[in-house]
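Following are the structures in question.
Across the two complexes that follow, chain A remains constant while its partner is chain B and subsequently chain C.
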Partner chain A sequence: MLTLRTINRILKVVKTNQRCEQSFHRWLAPTLRELKRRKDALGPEKPVHRKTYIEWNYDTELYAFSKRLGEEFNNNLLQQALTERSYIVSEEEKQKSVGIDQPLLDLADNSKLVTKGSNFIDDIVNRYLHTVLPRLPEEGIIEIQKYLTSTETLSHISFHIGTSELILCADFPVEKLTLANVLKSITAALVESSGNGRATAFVRDFILTQIADKDLHQFWKPEEPIKLLSDILARDNVQSPEPRLIGCSGKNTLLACFRVGLYTPHNKQMIGLGFGETVDIAHEMAARDGLRQLFGLSDTILLPFNIELENLCASNTKNLSVNEWSQMKLSPQSKHLEFYQTKIISSN
Partner chain B sequence: MSELGRVKQWNTFARCWHLFDATWQNPLECAPTIEKYLKGFHKPIYHPFVDCGDHVVVMNSKQIAFPGEEWRRRVYFHHTGYSRGASWTPAWILHDRDPTMIFKKAVYHHMKGNLFRRVVMERLHIFSDSNVPEEIMENITNQIRPLRPRPKPLESYSKKEIEEFPKIIDYPNDYVLSKN
Partner chain C sequence: MASNRFTPTGFPRVPLQNGIGRYICQLKRVTLRFCKSSGSSRGIRDFIETELINFAQEHPGTAVYLKPRRHKSPSFVAEYLNGEREVISCHNFTAQQMVKWLNLYTTRSGVPLMRYVKMWHTECPSIQGVWSPFTNMDPKLNTTQFPSEELNKPTWEEKSATKKLLEMVKNTKINDVNEDDTQRIEATQM
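Showing the complex of A and B:
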């Protein structure tokens, strides 16, 4: 007589033989592989604009964009600021191809706003730099301004505040020049919608802060710093500084490091400190350091980005040029502003 | 990287050279101090993956001192790898053969065994006497303070100084103080 357990075992074997059940699907991996192969054969996917998606609502996006920036825009102006000439042309062509002879488009392009915004940004950047760096020669100011208003910087800002999908233009992905132009036109639209004050704050918050984490010395490098430093000191009736080797380590090795200090001959004060792999490099770096001290561009400078915007200097202010720079010629106003800066920094 | 950033980094990671006089110093005690400089523990930029150690030049390694019976009792083991290739050498014999070996082994064995150990050891330069090559001496910018005061032997005092030293008792005339 068979026991109950044996019967159960036999039944189990019979069942599995009948159904041939497996724990996985044998068709799955080959199918996925084939799908992947076909996808690869088609090549990489082209980027698609967000507007091709079904739930795209341009008006809502525009509204959300202005709210994200925290600004009050005139809707028509904002729309105009984001419309490129190329978009209007392409839309007209589309209508013509359909058979409409005189296409009607209720759109204005942003070319006027771009010019206006560009001038506005240039002016604010110029005034801000002259206010916070009153001792830096005009050449240095120009270089920093060039960096701040370059297409590269402006397009970077424009992309990261999210204009790239809102811009109406023919090219996609949007070109850098278009992005930069749109940032300029948005600034101009802001000037017209909310006034100069808000627009200045906008430029300060988004554009000027780009130099916050940058090494300011990389923008402008005066040539022959040793000669330049002694020329400048000569204009202040100080003899040319005397270089002294104040430290060196591992002199006979590949990793030798020298430190050179520049001392004024009359009162034995150190005016610059430099280091480098050879004495000549260290000397040159010491001269550069001396120049930095004179121009108020020291390594640990903290630019006052929270400066009150009424205190920006006038547009026609010019700093001294390198060829005529001297301590005595610095205007008393610039010294006053310097004091103002330090007060602001210390109060934070 | 800007020019200033480059030289700043060069200055931060510059390797210093330290001098250590091993006269009358216990090498086992010195090892942690030497290791500190070799690996750069004393620098604020220290990190195990940052190669920021300095060079240490040890001179007069022949003059090291061991406490108590250590010269006789301390035994250095070596195995050639062949059968019956084991050998045990007392410290005093090893020191006779190579006066730099005991100091080197003391520092080497103190450090944790990893792939960096031999690289770090390359920065340790040991000389048995005070004849350090001029080329190396020119690199040196710092001296490591000796851990123990160096005792002044009786021979180094002049005859006048010995005579003038305040006496507590008068020795009898036939009392022999020293053979010299």
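Showing the complex of A and C:
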């Protein structure tokens, strides 16, 4: 006890005698806290365009852009393709506000290129789909084409080849419509700088490949498949198919499953097979399956993206519409694809 | 790859079906930030002197920027086509290490690092078609008459103790008979 008391006394003396100096800065934490509070009060930071950074060289970026795509562009055309009308207008207004009455801007906008590129893309997509899916009714082709040339798809492609920072336009962040338009104008610029062949390959590599790995049935779903199938078969002088229940499991349970096959009455061939939780659904699924097989759109279809692009069918080719679709009218057209496929296999 | 709870999980994905059409290097821009005098930037300075021209020539689709900053630790910023941006510290790197790290970041897709749930991914619903109870059904069942004796039994039945015992007795009996027979044969031969 004695020793403890003495130690305490000594410590007291030492405490009172030492100068109060701390090893850390007491002002630091409050300052940081205050800075944080002010920053929070200002709200979230607005996104800034990449061109406001010090490390930004537009010419370098343009060069890298064309090299990235592996294409040779005419520089002026590429510049024009990336310039929106809105940019020129806003620049002129800026000059006027400074006091220049007649602003001089040596820039052309891409509106002409957009229409040209749009037509070119539509044409190539159309011809490719008609070549690859010769048996699919025109309605289905139109739906797939709508998906491929929609603003949504084109803006996605445009963003992922890196146009979003290169576009000269007034809106920031860049709108989807602008992105899609720029992709169209770039295609047109490519047509003018390197010719149709390169541009067609460009459309194939970037736009057509968007349907790879997609479920093709999601784009077009014919209504009343049972009626449609019997109508189509009637045009080929085949009686309407006979549905038969060929499988049934878990009847009167939650997990009931029926399997229906569709058979042609005259030669007893199965033309469709489907299953579902009720017999009616299974019948409809079987009809859908039959239609898919007729239209050459089976579940396991692999679209050939490597077909020779010079041999795409003519732009005025039209597939049969659903209302006049019959196998007898089809025969010469449907050989397109098989012909190209054999050609590719032999050349490989 | 760390598999802790903070790492996002997902499937390997390819941006823009890259490779079905043509391959695009996803690294669009790289900024090398270094100090002109400090020792920690020695390697990156060596890299700039010796290897940078080769790198730029091999990757013309990537814009390269140099950004000297006084008395700061060196790093490089990789920017990808999908809008992602990554900062990699190059403190005390050698030129050779710089080459390797830049190579890693030029060959990446730019999708942030994640723990893969599976090593593959497909948008297509199924290759073999949707499963139903009739998929891969034994074709023998097409001609079977129901109710069938064989299918009513359990698929695997364990032998009861009585049955096992009976079998053992049966086996021993046969052996005894056999032994007697051999003895008899031996006797006749004698």
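Everything below uses one rule, namely that the second predicted complex is superposed on the first by the 294 of 348 C-alpha atoms of A that agree within 3 Å, B and C clash if a C-alpha of one lies under 4 Å from a C-alpha of the other, contacts with A are read in each partner's own complex, and residues count from 1 in each chain.
Assume a contact is a pair of C-beta atoms (placed from the backbone, for glycine too) under 8 Å apart; a residue touches a chain by one contact, two chains touch by 3 or more.
Predicted model only: the values in this text are computed from it and were never measured.
Chemist: Which partner chains sit in contact with A:Phe275 here, chain B, chain C, both or neither? Use first/second/both/neither.
Modeler: In the superposed model, A:Phe275 contacts both chain B and chain C.
Chemist: Which holds for A:Arg259: it touches chain B only (first), chain C only (second), both, or neither?
Modeler: both
Chemist: Determine, under the contact definition given at the top, whether A:Asp215 touches first (chain B), second (chain C), both, or neither.
Modeler: Both partners, chain B and chain C.
Chemist: So in the superposed three-chain picture, is A:Arg288 touching just chain B, just chain C, both, or none of them (first/second/both/neither)?
Modeler: Only chain B; A:Arg288 stays clear of chain C.
Chemist: Given the touch rule stated above, what does A:Asp299 touch, chain B (first), chain C (second), both, or neither?
Modeler: Both partners.
Chemist: Touching A:Phe206, do we find chain B (first), chain C (second), both, or neither?
Modeler: Only chain C is touched by A:Phe206; chain B is not.
Chemist: Any idea whether chain B or chain C touches more of chain A?
Modeler: Here the partner covering more residues of chain A is C.
Chemist: Would you sort A:Lys251 into first (chain B), second (chain C), both or neither based on which partner it touches?
Modeler: In the superposition, A:Lys251 contacts chain B only.
Chemist: In the superposed arrangement, what residues of chain A touch both chain B and chain C?
Modeler: 215, 247, 249-250, 257, 259, 275, 299
Chemist: Per the contact definition, I'd like the list of chain C residues that touch chain A in the complex.
Modeler: Checking each residue of chain C against chain A gives 15-17, 20-22, 24-25, 28-29, 31, 60-63, 65, 67, 81-83, 122-127, 129, 132-134, 137.
Chemist: Along chain A, where are the residues that touch chain B in the complex?
Modeler: Listed in rising order, the residues are 215, 217-218, 221, 247-253, 255, 257, 259, 274-277, 281-282, 285, 288, 299.
Chemist: In their shared complex, at which residues does chain A touch chain C?
Modeler: Residue list for chain A touching chain C: 54-55, 57, 60-61, 63-65, 67-70, 156-157, 159-162, 164, 204-206, 208-210, 212-215, 247, 249-250, 257, 259, 275, 299-300, 305.
Chemist: Over in the complex, which chain B residues touch chain A? Could you list them?
Modeler: For this pair, the touching residues of chain B are 2-5, 7-8, 10-11, 13-17, 55, 135-136, 138-139, 141.
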